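The next part holds the structures, each set out as structure tokens.
Two complexes are shown next, each including chain A; its partner changes from chain B in the first to chain C in the second.
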Partner chain A sequence: MSKNSSNTVKEPLIHFTKRDDITGIKSVLVHGIGLLAGLIVCAVFIMLVTGLSPIEVYVKMFQGTFGGDVTRLKALHHTAILLAISLAVTPAFKMKFWNIGAEGQVLIGALAAAFCMLEYGNTLQEPVLLLVMFLTSMLAGIIWAIIPAIFKALWNTNETLFTLMMNYVATTLVGYFIMVKDRSGRSDLGILNERTGYGYLPKLFGQDYYLNISIVIFITILVFIYLKYSKQGYEISVVGESQNTAKYIGINVKKVIIRTMAISGAICGITGLLLVAGSPTPSINESIVGGQGFTAILVSWMAKFNPIIMIFVSALVVFLGDGGASATDALKIDSSVGEVLTAIIIFFIIGCEFFIRYKVSFRKRQKGDK
Partner chain B sequence: MNSSAAIELKNITKTFGSVIANKNVSLTVNKGEILSILGENGSGKTTLMNMISGIYYPDDGQIFIDGKEVVISSPRDAFDYKIGMIHQHFKLVDVFTATENIILGHEDKQNYNSKKATQKVKEICDMYGFEIDPTKKIYNMAVSEKQTVEIIKVLYRGADILILDEPTAVLTPQETEKLFNILRKMRDLGKAIIIITHKLNEVLELSDKVAVLRKGEYIGTVNTAETNESELTEMMVGKKISLNIERSVPVDPQDRLIVENIDCKNREGVKLLDNVSFTARSGEILGIAGIAGSGQRELLEAIAGLQHLETGKILYNNPKTGEVDDLKDKTPMQIRELGVRLSFVPEDRLGMGLVGNMDIAENMMLRSYRKGKSIFLERKSPRDLAEHIIEDLEVITPGVTTPVRRLSGGNIQKVLVGREISSAPTVLMAAYPVRGLDINSSYTIYNLLNGQKEKGVAVIFVGEDLDVLTELCDRIMVICGGKVTGIVDGRTTSKEEIGLLMTNSRGGENNEQK
Partner chain C sequence: MKRLLALVLAIVMVAAFAVGCSGKKTGNGDDNNVLSINDVEKTVPDTITAIPKEELKVGFIFLHDQNSTYDKNFMDAATAVTERLGLTNDQVIFKTNIPESEACYETAKELVNAGCDLIFADSFGHEPYMIKAAKEFKNVQFCHATGTRAITEKVGNYHNAFASIYEGRYLAGIAAGMKLKEMVAAGKVTEDKLKIGYVGAFPYAEVISGYTSFYLGVKSVCPTVKMEVKYTNSWFDITAENTAAKALIDSGCVLISQHADSSGAPSACEEAGVPNIAYNIDTSNIGPNTAIISSKISWEPYFEYIIKTMINGGKIDADYCADLENGGVQLTKLNEKVAAKGTMEAINAAKEKLIKGELNVFDTATFTVGGKKLTTYLADVVDNGDYVPDSEAISNGYFSESTMRSAPYFNIIIDGITAEQ
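Right, the complex of A and B next:
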């Protein structure tokens, strides 16, 4: 049917053909094999480079994250934050709007929360203060997200560059805020409202982070329902699949782009609030989001934009990142070893996509070519 | 005239699966000669040329160049045999200059020397009379300039055999004249030129010989001096074949959609629709015939609210209220809110009419998901509709949850037409609804359209097979280059009459003769 059917071209040794579809079980199996292969390659790497037992490293990785009581809560919280940002970018990605500005959208939400804590901490009642913080953080995230969306919708500007640049604006604004608040030249304002505790999110069951985790669970369910069962979620899918079809059935594509980015931005803004006010030691600095806005892109893609799978992918990424860091720490090996392990595993899991999409077959017999 | 053959094809055959694209095609082009290849859409012209230029490889047959048999298995081979093809869609790098594009990929075993290259480009321009600024960037160029760059590119590479795929499709009459002068000059300098076209007047004006293809088959070659328009048309469209499509007499036709003097331009300012006027009546099938790209798509999209119009009116007579609404420049949503029951089966089924990755039920939802106040989707009725269509139209699918892109072409079309009919339209527009469909599916579609007609729907059918058009439609409007060249009665017209109207790019003239 195509060019390579011509009879002068030799049939190649390995043949890749596109698969129609793959069953759920097979897909899980392929990913399982990928993960296992990744772990084996990691094991070889660990033995060659550090001379340690790979089992020991893996055990330490687990102990450093989901193994101990204290570390588990931290790892869960870390997972929740990463999950929240991943959920935030997902509606936009489903629409094929490549928002890589979650980092800045979260940061600006965090800044809004910190600003409210410091400015209105002693003037507003606690519930009112929390409400104001919540709304300003959300609004800040929305503004940061819809500026590129409006430009995209009206003038078809490149959203990737635009959202990326907005990150730097957010970072600079945080730097400026810190400089204005504290003229001593530090890069941090320390713990905000440390003595008064104004604007701290309440503890759920007396535990740090429980409220944050609960809020993220709630957001997960909302995003899942929104994308799967709402009319707006359906419009997002149609716009993402084909803008021509969307226009043909009368969807206002511009409106959907702006609305969807507003939702992305709102979730990012709320995540920023959780990062600041949801912490037992709230603080604000330029690197408070710590690159999770970018990691979230990876998580969202690896989960194929499915909010439920995203929970597990976030946990895996946190396990590799935090676990790798704590294992290298505990075993006194260079921290870059942990990063290499993370990279190998993620490489293998993403590599699975190839085998999900294509079937590999080998040439059976060599025919007499001319 | 130098009479030695530059290229000769003998019994070339090429099939794609079960579709025969070319069957036993034999051609000869001499040096210093222009050959036109004439044929309707899908007659295999481009496939044939792609085999000469190394993009496809023939299943059977031989190619001779300068009398020697050759194997052309890649574009590089073609280039080595000094064959140059100018494609319909230009293959240029936008941010490069003309010169950079011309020398791109050309290995002359020397270091890149922009001065020398520019010099050589200038020489070629002077030799053939091209007017181009070699330092101009492609994105600043008009379409005709881009085409010039493409032509210079193949000449720069030393091509002696030039193939041009519908070179005049994108040009204004003045630009066409200029191009023809250049082509004549090339011919006089001994190049062999093949142009693919379906414009009869150009064939007669420019070429020395004409080869005609019809549905993949080679009909014959004639000398241009010894032929005329009607002979070529007959060779191109063939004798009438009876298809036995039912055609009932329209019952109580009323003017439903009145299109008045609409104009539409593309971004380059070329008119895609030029003063188009017609009326579609209820209970009647109005056929639209024309070479692909004559403005059919723009016309339907304008009615559907997807295309901006310069001037004119699109009036809709509402049969329920008796009101008349102008649909010009309204969005599809606004048109629907006016109570206009317009259904549209677009040409691009998976890119516009349906979403390939969604299942049948979800595709049904495209039209109906807004119903109701709830913010959530109602999935039951689209699912019922999907099942209903699968049963009624005998759609072959593993189930309602199969993504439509995995269905066969005919089944995809049944899903799309089924959905569009299900909303009880008063106007139904269908663009090439049987393209790529097998006989049985095609007849299912004809019956569906006839059924709608009998229900009093104004059906607009854009087709390409003249046999079908003349058997199915009550009236046939022919367009050519965005202009209406005639509206004929489907019962009394002939394929030749339509064929002549279709290929008359000057527009109007032919009408006066008749």
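Right, the complex of A and C next:
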């Protein structure tokens, strides 16, 4: 493709050019159009597969997330938890460290909290117990995250596989814990400390989840400031852009990798604590994180690692999930329909990225053409 | 910053240690006194004021959706009964895929918020969450299948239900025994080598009661039979159930039954040409050449009972047990192609005796434990979280299953059965 031959080659019909900058408004507009297009495709899918009116489905989805106090608070809490995990994975991803072990890091934090509740519930005074739970959960998350980080930093092992494998170790440990603690024979611990209430996080304003949500808001602000304004946040960006540049300007890359993963792990561990002790009915099982450790990766990327945008993306994902499940229940159709709708919408929103990074131009009809 | 953190950590540790050594919280008291079922002042259920049929709203919480045979059984019954009683679509709310966790409590609250007067949950693990919701919303009735705590919790608007499914399993066992007898007569297997296999879910009372009653049914026809049990430690695991069934067949079992709802065991049996007795679903489409019959719980009588009570007013039993007589315990259609001749007659004869009380499944004259006849046995009937056996279950020469509480409590491994995990 030499430059001087371009005059003779016919210009293609569609033409993509990379664009460097896009204004905020334009970006919102592109996403808006993407969402709309997604909804239209969903509507076609709904009509073809279920024969129902798409409007009816959307209304039910809306009701299933926002209809009623209980539902609204539930959706808000789901959003908070997903947001917390998304925030946790963000520093690592920004550093181009492919941490897909958030699931396990949250789970091990949850296990640590459950362990403390059962082991020390009877012996420690409540404030001390809560503090011990907080610290062990956080520490558990950190340990789970820095093991792969240390291996990566020192021996350049593949962190994707390592963090993934750590998920399975965490799952197995939870299974083992339940087996040891369970006396019913059904591998189910029920509500932890059901009769005593030891180790339950206090209720803020007498409301379930308010404390969890407040803690996540606090974490969001911290992560935002850390990434945007702190020196360490800047180091993360540099390491992410190019490790060689980082080395050249005197950043200790190994230290940054381990430190950043420790932060990721700490937030995951705390989220695990919130999932268990922050619930009005604390319990522990292998699926308590429910794949959110993986969904969080999607959220973090879709938000382009921006904690503020992450709030909206988490809310959207929760809306699609909760609303979809609620709508399929209300209309008595198979629950997989809801999952398909979620997939379509997310596909379209991610598809927007293409139009944000590239400019599409069509061949202009040139009057002077021979 | 680091020093501060270290200091805080050190203080916390010291404080934790000091407190841990000095002041223990007082125990919850439950562990100290063991209550027998006779000591328990059984829950007096609330009296329900009649709700006009047009205003009644019912919510159902299901563990999975219609793709799970366990839940489908409940969903079909709920649909059939609510339609029969003339409730409209808006009056019946289904919530599917609700795990045994916080989500169950949340869903119960959402249903209350949506105006439900009666809420039902279908899985054992939903129980503590339902109880919590019941305590919170006193004017809504909460009903729960397979649970154990209604009689002891003293929550007037919380109710348990189960079925005397052991009777159904016993009858299915008779069908198996008839088949074995036919196989012996045909010279396919000798009487001293009669061994059957059972794929169980978890090693606890519901499963043990289930396979023991099945075994006793088989034994009533073939006294020399032995049974080997393998647990999968899961309620639904197609692969594990399939593998367990194959292992049992390899170890010489000539007939297989299971307490698990997947198609794993029936399809392994069909592949190996070994007769199978299933549970809760008719498996003759999976094993046209091997499926004999299944025992099954029908939830229609219970749903009808609770919804009608809501409409007419009155009380819902704290603990309800469906049985052969009211149609809660059923057998699916006998697969004549596989079953031995005379099976249906034998089943019907035994069924009649069971209903009349002339026959008891756990008759202590028909089995031994450790070589001895069982004359006394304490079962864990009162469920206050202690897992301590508390109530005498042997009376009038038999183990009285599902009478003190609908959920099974027979958890003895009797002679002739070997169970391994």
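In this section, the second predicted complex is superposed on the first by the 348 of 370 C-alpha atoms of A that agree within 3 Å, B and C clash if a C-alpha of one lies under 4 Å from a C-alpha of the other, contacts with A are read in each partner's own complex, and residues count from 1 in each chain.
As a convention for this text, contacts are C-beta pairs under 8 Å (C-beta built on N, C-alpha and C of every residue); 3 or more make two chains touch, one makes a residue touch a chain.
Just so it is clear, the model here is predicted, and its values are computed rather than measured.
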**Prompt:** In the superposed arrangement, does A:244 touch chain B (first), chain C (second), both or neither?
**Reply:** first
**Prompt:** So, does A:234 touch the first partner chain B, the second partner chain C, both, or neither?
**Reply:** first
**Request:** Look at A:18 in the shared chain and tell me whether it touches chain B only, chain C only, both, or neither; answer first, second, both or neither.
**Result:** neither
**Asked** Counting only touches as set out at the top, which of chain B and chain C does A:252 meet: first, second, both, neither?
**Response** first
**More chain A residues in contact - chain B or chain C** = C
**Which superposed partner A:123 touches (first chain B, second chain C, both, neither)** = second
**Request:** Quick one: classify A:70 as touching chain B (first), chain C (second), both or neither.
**Result:** second
**Item:** Of all residues in chain B, those that touch chain A in their complex
**Value:** 16-17, 55-57, 59, 71, 73, 304-306, 331-333, 335-336, 344, 346, 348, 351-358, 362, 365-367, 369-370, 374-377, 403, 406
**Asked** Which chain A residues qualify as touching chain C in the complex?
**Response** 68-71, 74, 120-125, 128, 131-132, 135, 183-188, 190-191, 194-196, 198, 279-281, 283, 285, 287-288, 325, 328-330, 332, 334-335
**Fill in**
In their shared complex, chain B is touched by residues of chain A numbered 1, 3, 5-9, 20-21, 229-234, 237-238, 241-242, 244-245, 247-250, 252
**Complete:** Seen from chain C, its contact residues with chain A in the complex are 9, 12, 15-16, 19-20, 23-25, 27-28, 30, 65-67, 93-97, 99-102, 105-106, 109-110, 112-114, 124-125, 127-129, 132, 202-205, 233, 385, 387
